Each structure stands twice: as C-alpha cells, then as structure tokens.
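Read from first to last, the chains carry the letters A, B, C and D; within each, the first residue is number 1.
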Amino acid sequence: MIQITLIQIDNYGPWTVTPGPRAEPDLQTLQSRLYGDLEREFGAHGGIVFFNRFDNLIAVSNGMDYDDHLLIQQSIRNRYPITISMGVGTAETAIEAQKIATKMIQNGGGAQSAERCEILNIDSLAEDEDSFVQIAHIDINDITTNLTDKKTAYDTSIKVYDVLLTLMKELSEIGAMCFFIGGDNYMAPSNNISKDQLRDALKRVDEKTGIRLKAGVGIAKKAGRAADLADIGLEDIRAGLTDDSVLIFNDLD
Amino acid sequence: MIQITLIQIDNYGPWTVTPGPRAEPDLQTLQSRLYGDLEREFGAHGGIVFFNRFDNLIAVSNGMDYDDHLLIQQSIRNRYPITISMGVGTAETAIEAQKIATKMIQNGGGAQSAERCEILNIDSLAEDEDSFVQIAHIDINDITTNLTDKKTAYDTSIKVYDVLLTLMKELSEIGAMCFFIGGDNYMAPSNNISKDQLRDALKRVDEKTGIRLKAGVGIAKKAGRAADLADIGLEDIRAGLTDDSVLIFNDLD
Amino acid sequence: MIQITLIQIDNYGPWTVTPGPRAEPDLQTLQSRLYGDLEREFGAHGGIVFFNRFDNLIAVSNGMDYDDHLLIQQSIRNRYPITISMGVGTAETAIEAQKIATKMIQNGGGAQSAERCEILNIDSLAEDEDSFVQIAHIDINDITTNLTDKKTAYDTSIKVYDVLLTLMKELSEIGAMCFFIGGDNYMAPSNNISKDQLRDALKRVDEKTGIRLKAGVGIAKKAGRAADLADIGLEDIRAGLTDDSVLIFNDLD
Amino acid sequence: MIQITLIQIDNYGPWTVTPGPRAEPDLQTLQSRLYGDLEREFGAHGGIVFFNRFDNLIAVSNGMDYDDHLLIQQSIRNRYPITISMGVGTAETAIEAQKIATKMIQNGGGAQSAERCEILNIDSLAEDEDSFVQIAHIDINDITTNLTDKKTAYDTSIKVYDVLLTLMKELSEIGAMCFFIGGDNYMAPSNNISKDQLRDALKRVDEKTGIRLKAGVGIAKKAGRAADLADIGLEDIRAGLTDDSVLIFNDLD
C-alpha cells in the first residue's frame, strides 16, 4: 500500500490579492521556501514531497502518522503567513491513493473557503507490514549533448515539459503519478506497475515526443529509500550494466 | 529592450551522482532554496526569476549590470555546494533575448563540463532609456470551482500542465516565453506582443485544451513593476471591470 | 539522562578566508540558514538546537540514534559548501554530557584540521527508559516597559548580554548550560537541578545585574516537550498563578 | 556619517504565546530565517545586518533610502506571520545613530503595542558625499589551539561571551557598537574611533578577560565594502605582515 498526503494552502488565491496583489517575487519565494521546508519535514521521516502546483503539494508519506502530520501543520502555521490543510489516503496504486487524499481535503471545505483552516483528514494509514512504495526515476537520454548545449534554453524547456505532460498522461492510465523534479528528471510513484508496463509506457512517450527515456525503479517500505534505489538503478543503466531501459531494485525481496 | 539572464548550475548532473547518488529530498531542497534565494537577489534589484528547470533558471534582469550579477554569483558560491554560470542578452523579444543569453553560456563551455565554472558572459545590457519589460500574468477562469474542488488533485495537475505546454508553444511562436508560477498561474515575458496577438493566442489555447484563460499585462522599465501592473490588470478582469480577456497597464505611457 | 550533541563545522575558520576572505553578509546568511535547518532536522525528532557560537552548535538530542544523526550529516553535505562533525554524550547533568560530547569530537581531530571531516562519534545514547530532559525557560521581568521602550536598543542589548553571561556562569556552577534564544529569553538544559537551586541562582543573577528573572521549567523524555512545558510554566508565572519565580511541570510524574 | 536601521518585530512577545506558547524550535527557525533573509535584503544594497537580539536587529544601511526599506518591509509581511517596524538614524558615531534610530521606532509606539504595525520612521539619511562607514572585525588570538580543541565546548562559549560583553561595554564608552558574528568573531561599527583608541580598548578587554584580541578595520562608503577591507586587515595581521594589533584599510583616502 502506498500512502499519499495532499497538502493544500488554505484560501491561498484570495490571500495573494488581499488587500491588493502581493509582489510576485515574494510569492515565488514563499512558495519555494514552503516547498523546501515541507521536503525537510517529510524527508526527516523517510518521505518525499513533490511541488506539483506549489499550492497543492503531493507527498509519499508511508511511515508517518497523525502526530507527524500535525507537528508539520503547526510548524507551518508558526513560520508562515499562511496555513495548510492535509488529506491522507492509502491504496494499491498512487493514483487511487491521491484520489482518496483529495476527497479527504475536499470533505473539509473548498480550497478558497475562508472558513476552512488546517484540516487534517486521514482516511487510513499504511501499516508497517503492508507498507510498500515503488518509485521510478526517469530521465532523458543524452539531454546535455543533444539539447542543453545545442538548443536555446527555452527550446529545451519546451521539450522537457512536453515529455512531462506525455509521461503524466501515459502513466496515469496505468495507475501512476509523475512529477517533474528538475533538469531532465521525473519521478513516478508507481506501485503495482510491472517492468513491462513501464517499459511500454516509456516507449509510447518516445513515439509521441521523439525523446528516449530510461528508468531506475526502487521498491522499499518508505519513499526516501525507494528513491535511493531508483537512483542506483538509473546509474547502472547509464553505466551500461544493462541494455534494458528499465532496471528495478527491490528492498523487500 | 528586454534583458534576460540565463542561470545554469555548473556541472550539476555529475555532481548529483558523485560519489554516489545524493538523496532526492536533499536535491529538491537544494534546488528550491537556490530558486528562492535567486528570487530574493534579483528581486532586490527589481528583477524576477523563473524556476524553469531548476538547474537552468531564467531571469528578467533589466536594470542590473555586471557587478550586480557578479555579487550574486559570488554569494551562491559562498553558501552552496555548487556554483552557477550566467549569460545575459537583450533583444526586442523575450525569445530572442534568451537565445543570446543561452549562446553566451554555451560559449563558456558545456553544462556538464568539469572545466567550466562561474562563467559570467554578457552580450549587452539594456540601457535605462530603452529598458522596456512587458509581462503577462495569465490564469485559468474559475479553476477552484471547476477543477480543484471537484476533480482529483492529480487530474487538475494534468490539466494545468496541459495548459502550460500549450501556452509555451503558442507564445513562443510569437516571440514570448511562458513559465508556470504555481497554482493555475503563468507568467509570460512578452515584449512587443500586441493585445490582439495575445488575445488570439489565449483563444487558440482554449480551443486546444478546453480551458478559458485571461491575462493582465504590465509594461514598465523593470520586471517587478511590470508584474505588479499585470497583477492589477488580472484583478480588474476578475472584478468584471472589462469584458476583454486581456487588460494592459503601461507605466511608460 | 540528558543526551547532548555537539555539532561543529569542519575546518570552518580556514574556509572562510580561502582563497580570500568571503563576504560577511554571505557568512552570516550561511550560519543562520545552517542553524535554522539543523533546528528543523533535530526538531523533527523532538530535539532542540541552540546556536551557541554558530560554528559550534549544541543540541539536546534525546530520542535520536546514530542513523538519525547520520542522515542530518549527509543532508548538510548535500546542501552546503561545508560539512559538519558531531559528538554525542549522555550524563546526569547537561554540563557533564557536553563535556563528553566535546571529547568525542576532539578525539576525531582538531576544529581546523583539514584532515578531519564528518566525524560522528557517539559515546552513548540515552535509552528510552532513562531518557530525561529538564529545560528551564528564563526571561526578564517587564523588559519592554523597563528597557525596550525606554532605553536605546543597544543599551538594552548590553543588559540582555550581561544577564546572559551571568546566567551562563552561575548555572554552569550547578551543572546546567544556558543559551540566549532571542529577545530577553534564555534556555537552560538543567537536569538534576532542584527548584531551590534554580531560584537561588536567579537571585544571585539579580544581585549581580539588577535584573529580576523568572523561570518556567519542563521535564519530559524529549527536549521539545520539555520546552513546551517550560513555556506553560512561564506563562502561568506571568499570569500571576504563582508568587514563586520558578514553576515546574513534570511530564514524567 | 553612519546610517543605522533598527528593525523590530511588531508585537512579537505576545504573538509567541498566542493562543498558547508556540513551539520553541519553530520560533528559533523563524528568527534565524528572518535574520538570514534580512541579511540578504540589506546585503543586496551593500549593507550589513547584525542579529543583535533577533527580535531587534541592527543594520548599517548607508546607501539605502526610504523605498529600499519599504520594499523589505513589504516583503517580510508577504512571507512571514509577523511584521517589522524600522527606525533610521544617522550620526557621527554608531552609538549616536542607533540612539536616533531607536527614538524613531519608539515614537511609533511600544514594542508590545497591538496597534503599532509596520512603522517606517526615518530621521535622516546619509548623503552619498558624506557617507562613511568604519567597521572593525575583531577576533581572538589562537582560539582553536587554546580553547576549542582543549576546553569543553561550553567553557569556550563562556569565554567567548565574556569577551563579547566586555567589548560591548568598552566600545560603547567610545561611541562604537559591537556584535557577535559567530565563532570567536566580533564586528564593531566604529566611526570616528582612532587606531589608538581601538588598540587601547582591546588592551583593556585583554586585561579584564585574559584574552588577546586583534582587529582589522575597514573604512568605505558602505558597510559591505568596509567589512571586506576589515577582513583583509585581519588576514594581514594573522599573516604577520604587521606587529600591531590593529590594521586599517581606508577606501576613501
């Protein structure tokens, strides 16, 4: 079971324009700092947060309970001009778990409701014995020589976001989420997706975008460890230790 | 003339896996903090930075000279385990300026060259008398009621990134760049794009994605002020002060 | 038993002037960010860090083991241009525990040795059954009306630092450490110091500095909880719920 | 003329205990981040901030005007749960300038007044032609071999704070302020204090504490540059380029 936490800034839209519009560099700083801080807080417990839309962040939070979430929620209130609500769900696939997490937040009220504040709704938590996180770390083959050092910075960006969107759509079809993590890197919480399914999905993205991808996959009880294993898989592919475009390391075998 | 600075982390890819892969939550924190700090540094001089790909950030830097850039470059070296290179270009359109800025960096060496370190190559600077920044702040109509509060968090994200990619492509055709700035918000440095051109581009995005957009546009000598004016324009559209999907405020008239 | 972690930046002095002196605002930012980040990391496990001298920080780390410390050490390496070494000791008093922690670091090499890097030496850890943290939160009576709003900012500072030094000396005599935590506030890890001993120490500080002090004291298994209880004690004294200058709340009774 | 800005968090004491006491690690993080951010903001304009008491920070702000201060004040409001007030004064000595800056803030209301919010009172600004900042960077001779590597961490701290307090008192007698900047380092804005006066003050501190000190002194139009020159002076003394305990570099000669 994968455990997903959806983190949503309370009533953020209205706040950004009250009393008048707030300076954009300030908002960008606020959002990036919030993301960095949440990454530290979840990371200290073996979790990982993805910035997603910055005002709606998505974390893989296996191993974290109600008190862990509550401490984070209070810490944000004590250091930021905004508060956050959280919904938590667990399921066999990442897509299903985020669906439940979303429902948990929506049950608490609207994202732009002035009444909703610091909801913390947990549908269920992954127990240690069935805690299971699969994460794929996907990147583009030879982006530096083919794109970064040859094309303009912005043309490279368009290509990277094209691949992102195509990955998001393809992987959501088979139950995974996919997030951009900078450079030419993507991470996909992908419980219960087989090696064949993933290889085929990467191939479909290649056909649609003309970009060849590879993926290291890690399986562990917590997200941080799964990501570490995924990184090692990716390194081994880069080093030519396999001809396959997908390599899996499983901590739970 | 718009002045664009391309900021690139030196030799970042190899560093992230040396001696072994570094923990992903650490890298995400590093990247978000670097972005937040650069936003403060450029923001202190009236500029704006967009995270773009996190290892390649793009700033609108009108009003900033060689020494301003140098101080930022040294400050990063003193506080981070990585260094940055920068290329600066000015042109009539944002796309053209980033092209020159990219060239300035590429002239200094490859993004994964161990030799290249702290390049600061400036092709030209915008002089005060012809400094001119046009920025559009674009958002989605009624996203909270139509998407955030109804769909799953991830389905909303797919839609938001779909709009982003379509905007990136459409606007690059007419000389503008477009960046995601969180939530359902996008910012487009868009010098020399007329109201009609912008309205038509938004319409084409609507046709392709089924999402209706609006844009406040600001024109000023510096990016921060242009963004402030764009925000006010967007607020006025939201408030129903105009029926148009685009509203421009020009500080230089 | 109180568990103390001494955190020391490796070879920091030489680094700050290599190749030439680094800009002071950069160093101040680096130090304050490092302090803030360590506070988050230890705080996520129920600990507390005091900035002490910024390049030598002192944490109360009951409940944290080798792996918890290692993860923090690696995270700093991945995000800062410097590395840290840590020594851990446990004892009946805070002074004794820091003495052991210091020894653990010194065993690893000198603070300005280029060879020493990322030492993590643990003499012993507090087991859950005998984990015990006593923290006093001390502040100055009526500082705002008597000093801040009347004297110059700097004269107030001299007084606050005078009280700090006198507290540091008096409390070290009876086995406690004392740290400045901002404003007119001090925190003293003070295991095995009785209410009478503490009241007498505050009185001696009063006699030497002319400043009246009060102290809320918390006792718990971890530092964060002990500090929370100390805060409540201090609030109750402020609210006039007791005439005593010291109030203790004990979670372990 | 030296220009001093006193920065005070509005109504901070009451906020820290409303509705109940806020967690100390959160407050320590808030304070250290605020300090780091203010250091960046003032640093971007050539200024320097000292943390002083964390809720009352003191900056040397020559070269910064009303708008520069206002932008910082607004940025803090947009990113923190608290707001700041600022008072600015200029004078021949640092002590006199902070006295005026304090008065400017006190005129706006009490530090714990719920009514006072975001005061920005400027008595006067240093004009470019008479802008003049003298800063001394003072450190302890051979602290690593004599103290850090031999004594316990806390005994070293007591000594370092003993020297701090003695410096604060001695230097305030002759018109300078002195701040702890970490390690065994102190910085003293010290306009119009001669080399002889400073050497004598260091000698008096030595006699009272048994600690030998040295000082590099920089003089420039702005604080950042003055601090850089002070650092070079200190390095030259360390390198044995002079036998004097004080070395001055003057950018304005």
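The definition used in the following text is that a contact is a pair of C-beta atoms (placed from the backbone, for glycine too) under 8 Å apart; a residue touches a chain by one contact, two chains touch by 3 or more.
Worth saying up front: this structure is predicted, and the values here are computed from it rather than measured.
Undergrad: Can you tell me which chain lies farthest from subunit D, using the average of the Cα atoms as each chain's centre?
TA: Of all the other chains, the one whose centre lies farthest from subunit D is A.
Undergrad: Can you check which chain pair, A-D or A-C, has more C-beta pairs in contact?
TA: Between A-D and A-C, the larger count of C-beta pairs in contact belongs to A-D.
Undergrad: So how far apart, in whole Å, are subunit C and subunit D when each is placed at the average of its C-alpha atoms?
TA: 22
Undergrad: With chain centres defined as C-alpha means, what is the inter-centre distance between subunit A and subunit D in Å?
TA: 42
Undergrad: Could you put a whole-Å number on the gap between the CA centroids of subunit A and subunit C?
TA: About 36 Å separates the centre of subunit A from that of subunit C.
Undergrad: Multi-chain contacts only, two chains or more: what residues does subunit D have there?
TA: Those would be 23, 25-27, 29, 33, 40, 43, 75.
Undergrad: Please give the residue numbers of subunit A that touch subunit C in the complex, ascending.
TA: Residue positions touching the partner: 37, 40-41, 43-45, 71, 75.
Undergrad: Taking the touch rule as given, give the residues of subunit D at its contact with subunit A in the complex, in rising order.
TA: That would be residues 22-23, 25-27, 29-30, 33, 74-75, 77-81 of subunit D.
Undergrad: List the residues on subunit B that touch subunit A in their complex, please.
TA: 6, 8, 12-13, 17, 20-21, 23-29, 31-33, 35-36, 39-40, 42-43, 47-49, 51-56, 58, 95, 98-99, 101-102, 105-106, 110-112, 137, 144-145, 148-149, 151-158, 160-162, 164-165, 168-169, 172, 177, 181-184, 187, 224, 227-228, 231-232, 234-235
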